[in-house]
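Once you scroll down, you'll see the structures, which are given as C-alpha cells.
Two complexes come next, and they have one chain in common, chain A, joined by chain B in the first and chain C in the second.
For the complex of A and B:
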C-alpha cells in the first residue's frame, strides 16, 4: 500500500475515504468529550495548582480534537465547528465510558464530582491515546500521521501528569486506595469500548490506517501494568454498549446540550 | 538580486512580529516561520504552529498577514499553518532565548527526554537552585518554576521535541 498524501488523493478512493473518516470521527469525538468532562472540573479541582494543570490539559486536548475535525473538514465532511457542535448523539463515535458524568449533581448545582473516577479515567484514556498515537504516526494517511506526531509530542505531558496522580493516590490512605480500586473495577466493565475501533476495524487495518485492535490492546495492558498496583482479574468488557457503533447514554445528551448552549445562541459569532 | 532583496525585506518585517503572549519575542525567533515565497506582488508564508490548542495562532496569523501587507510592493499575503513540519523548542533562536530571558521566561532546557523531569536556570539571577512548581503554566507552552536563590517565581518554555517511534 502506498501512502496517501492529501485529502484530494483520499477522496479518489471511496472505500479508503469512508474508513478513514470513521477513524477520524472516533479520534475527534473521544478527545472532544474527554476534554469537556475535564473542563467541568474548572474551579472544583482538589487544589489551585491542579486547577491550572487540568485546565491547560483540557484546552490542549480540545485543540487535538480540533485537528481531527479539521482533517474531516478537508475530506468534505463539513465545517469543523459544525462537526463538533451540531452532530446529534446518534452520529457520535466516542466511547460510552468517556461520556460518563463526573459524579452526582451538576456543574452549577451541587457538583459532587468524584476525583477517583477522573484520575482513573484520564490515566487509562491517556495511556491508550499514547499507544494509538504511536501507531498512527505510521498511518498510510500522511496528514493523519503528521497530526499524530504533533499530538504525541504534547500529550506526553498529559500522561505524565495522570501517572503521577495514580502513583501518589495508590500509595496514600486506605480510603484513596479503596476509591481508586472501585473506579478501576467500574472502568474494567466498560473500557473495552474505548479500546475498540468499531465495525470497520478490519478495513482500517487493511488500508494500513492503524494496526489491529488486538495489537493496541496488548500494548495498552502492558503499559498500565507498569503503573497500576492491582489489575482486575476479570476480562475487560463493554457492558454499557458500543459508542463506536453510535450507541450512547443520557450523559452524552447532557454534555452536548451544555456544550452547545452558547454556540446555539449565535452560530456566526467570532471569538 | 532583486529577489534576494525582497526576501531580506520580508524577513526583517517578520522579525518585528511578536508572539502576542511573549512581547519582544518574534515569530521568527520562536522558530515558527517555515517558508516565505513570493510570486510577483503576492507573498505566501508557511508557518509551524507551536501547540495544537494554542489560542494565539489566529492572532499570529492575522498579525503576520497585516505586517507583510504593509510592505509597499506587496499586494496580498496568505498565511498557512503546516503540520508537516514539527515545531520543537529546539527551533528557538539564540536571539529568541535572549529575549525570553529579558521577559522573565527561561528558555527550554538543552537536554530533555520526553516524559522525564527537567529543570532550568533562573532567568533573573542564573542560579541552578530552582524548583518546578507546575509543569502546566498560564499557556500551553509555558511552565511555572521558583528560584530558591533570588526567591522569584518565573516561567520557562516547556520543552517539546520530536521523537521517532520505534
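For the complex of A and C:
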C-alpha cells in the first residue's frame, strides 16, 4: 500500500484511521505511564548521578508520549492534554505491567521503592521500545515514521543506560542477583501484555502500520538474551490481564488520580 | 545560593596558625583576581569556609528538588509536566556538580560523598531554609521557580567572580540554568495570575506563605541577629561581593514591582520604599524561627530528611553491589 502522508489523508479512510489511533494510544499511554512512574522516583534513586540520568530519561519519555498524543490530536481524537489527563482507566491502552507501583508506600510518604523492579522493567520495556520504534520507522503513516526516527535518537541512550544497570547488578553480589531474578520472574508472568498490539494487531499489520507481533517478539527475545544472564524457562504470560484490551489495576487508578489532581481542580482553566 | 554559614568564628583566631608568608602570597593572589584551584595551597579557614558553603549549596540543590518533586507528577498540563521535570533534573545536576567540588576540598581530611550524606542525615550538614517549607498547592511550585530561584540568581551572581576556580566555574553554568527556571516559574505564575479567581487566590495564598522564608533566604543582616554569620569571611576571601542585606534589597528591588504589577500583595503592612536612603523598609522575619528551621525543625524538615533516609537505607544493596569489592557489608 502507499504511504499516508498526513492526518487529513488518514482521516479519509475510516478503517485505517481507527487502527492507527489504536496503535498510537498504545504508544502514548505506555510512555506516559512509564514516565509517570519514573517521576515518582526523583530524589530517591540509589545515588545522585542516577537521579540526574533517570530524571533526564523520564523527561524524554514524557516528551515521547506528548509526540504521540499530538498525533492523536491531529487525527481528531481531542486535545493532547485532555487525552493525557481525562481518559478513565477503561479507555487506557498501556500494558498493566507498566502501571505497577514502584514499591510500597507513596512517592510522598515512606516510599520503599524497589530498584530491582525498576531496572528490570525499564530494561525490558526499553528493549521492546527500540524494536518497536525500528519497525515504526517503516510505518505507512509517515508522521509516525518520522516521530519514531526522532524518538530513536534519544531512546538509544536510554536503553544503553538500563543495559548497563542490568549488566552491573547481575554481575555483582548474591543479593543483587537474587533481587533481579525475582523481579525478572515476576515480569515473565506479566510482560506478554507489553509485547502485544491488542485486538487490532492483524489490521495494524495489514495496513503496514507496524510488523506482526510475532516478528517484534522474536526480535525482542533475541535482544534480551544477549544481555540477561538467565532467562526464565516458562513461557511469557499476561497473568494480570491485558492493558491493550483496556483491562487495568488499582495501580493505574492511583496514578491517574495523582497525575490529574491539579488538572481536575478546574478542567477549563488555563494552567 | 546561600550566604549563611554556621559556626562562624573570629577571623583572627582561625588564621593564627597559618604560615604568614604563604598566607600573604595567597591573599596577594586573590587580591590580584587570580583563581585558586583545588591543589593550590590555601588557608585552613578558606578551605573550611568553602566546604561549608559549597556542601550546603550542593545538598540544598538536592534537598531542593524534593519540595518541587511533590508537584512534578501532578503538574497540570503536558507542557508543565515537561517543564518541571526538566527543572528538577537541572537541580539534581547542580547538586551533583557542587558535591564534586566539595569532595575535592574534603580530600585532605579523607572525607567523601558518603560522609556528606551521613552528615546530612545526622543533621550536621544543613540545607537551605526555603527547602524546609511545605508546598501546599500547585501555586507553590510556581512561587518556588519564580521567587526562590529568582532569589538564588541574585545570591549566586554575587559569587560569579568567586576566588575559588572550581566553584566559580560551576556557578557560571548553574546561573545560566537558573534563569530558565525563573522563567519557568514566571510562566506558571502568569497563568495563575491571569486565570480564574480561584487560581488567583491560590497564588496570593502561596506568596503570603512564602514571604517570610524569602526574606530569610539571604540570611541575617549581621552576626548580631543570629549569633553567627560568615559573610565577613566570605567577603574577605573574595568569594562574594555584596552583603546579605544588599542582596535582599536587590531582590526586593527586582521582584516587588513585579509582584505588585500582577495585582498581588505581600503580607507586610509596614513595607515601604525609603526614597532618601534608596532602600526598602520591611518587617524583619522571625530570626529565631529561621534558626529553628535550618536546625531541621522547620515545617517539613523531618519529612524531607526521612525521604532521603529511606532512599539511603533502601538502596544500600545497590551501593554494595556497585562497590569495587562487592563482598563488603
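Keep this in mind: the second predicted complex is superposed on the first by the 265 of 271 C-alpha atoms of A that agree within 3 Å, B and C clash if a C-alpha of one lies under 4 Å from a C-alpha of the other, contacts with A are read in each partner's own complex, and residues count from 1 in each chain.
What we mean here is this: contacts are C-beta pairs under 8 Å (C-beta built on N, C-alpha and C of every residue); 3 or more make two chains touch, one makes a residue touch a chain.
Since we're looking at a predicted model, the values are computed, not measured.
J.: Between chain B (first) and chain C (second), which does A:63 come into contact with in this model arrangement: first, second, both, or neither?
T.: A:63 sits against chain B and chain C alike.
J.: Can you tell me whether chain B or chain C touches more residues on chain A?
T.: After superposing on chain A, more of chain A is contacted by C.
J.: Using the touch definition from the top, say if A:52 reaches chain B (first), chain C (second), both or neither.
T.: Both: A:52 reaches chain B and chain C.
J.: Could you tell me if A:147 is touching chain B, chain C, both of them or neither one (first, second, both, neither)?
T.: In the superposition, A:147 touches chain B alone.
J.: Pick one for A:80: touches chain B only (first), chain C only (second), both, or neither.
T.: Only chain C; A:80 stays clear of chain B.
J.: Enumerate the residues of chain A that count as touching chain B in its complex and touching chain C in the other.
T.: Overlap of chain B and chain C footprints on chain A: residues 49, 52, 56, 59, 62-63, 66.
J.: For a test of understanding, state which residues of chain A touch chain C in their complex under the given definition.
T.: Within the complex, chain A contacts chain C at residues 36, 39-40, 42-49, 51-52, 55-56, 58-59, 62-63, 65-66, 69, 80-81, 84-85, 105, 107-113, 115, 168-169, 172-173, 175-176, 179, 258-259, 261-263, 265-266, 269-271.
J.: Would you tell me which residues of chain C are touching chain A in their complex?
T.: Those in contact with chain A are residues 62, 65-66, 69-78, 80-82, 85-86, 88-89, 92-93, 95-96, 99, 113, 138, 188, 191-192, 194-196, 198-199, 303, 306-308, 310-311, 314-315, 317-322, 326-327.
J.: Report the residues of chain B in contact with chain A in the complex, numbered from low to high.
T.: Against chain A, the touching part of chain B is residues 49, 51-55, 83-84, 86, 88, 114-115, 133-140, 144, 158, 160-163, 165.
J.: Flag every residue of chain A that touches chain B in the complex, lowest number first.
T.: Those in contact with chain B are residues 49, 52-53, 56-57, 59-64, 66-67, 134, 137-138, 143, 146-147, 149-154, 156-157, 159-161.
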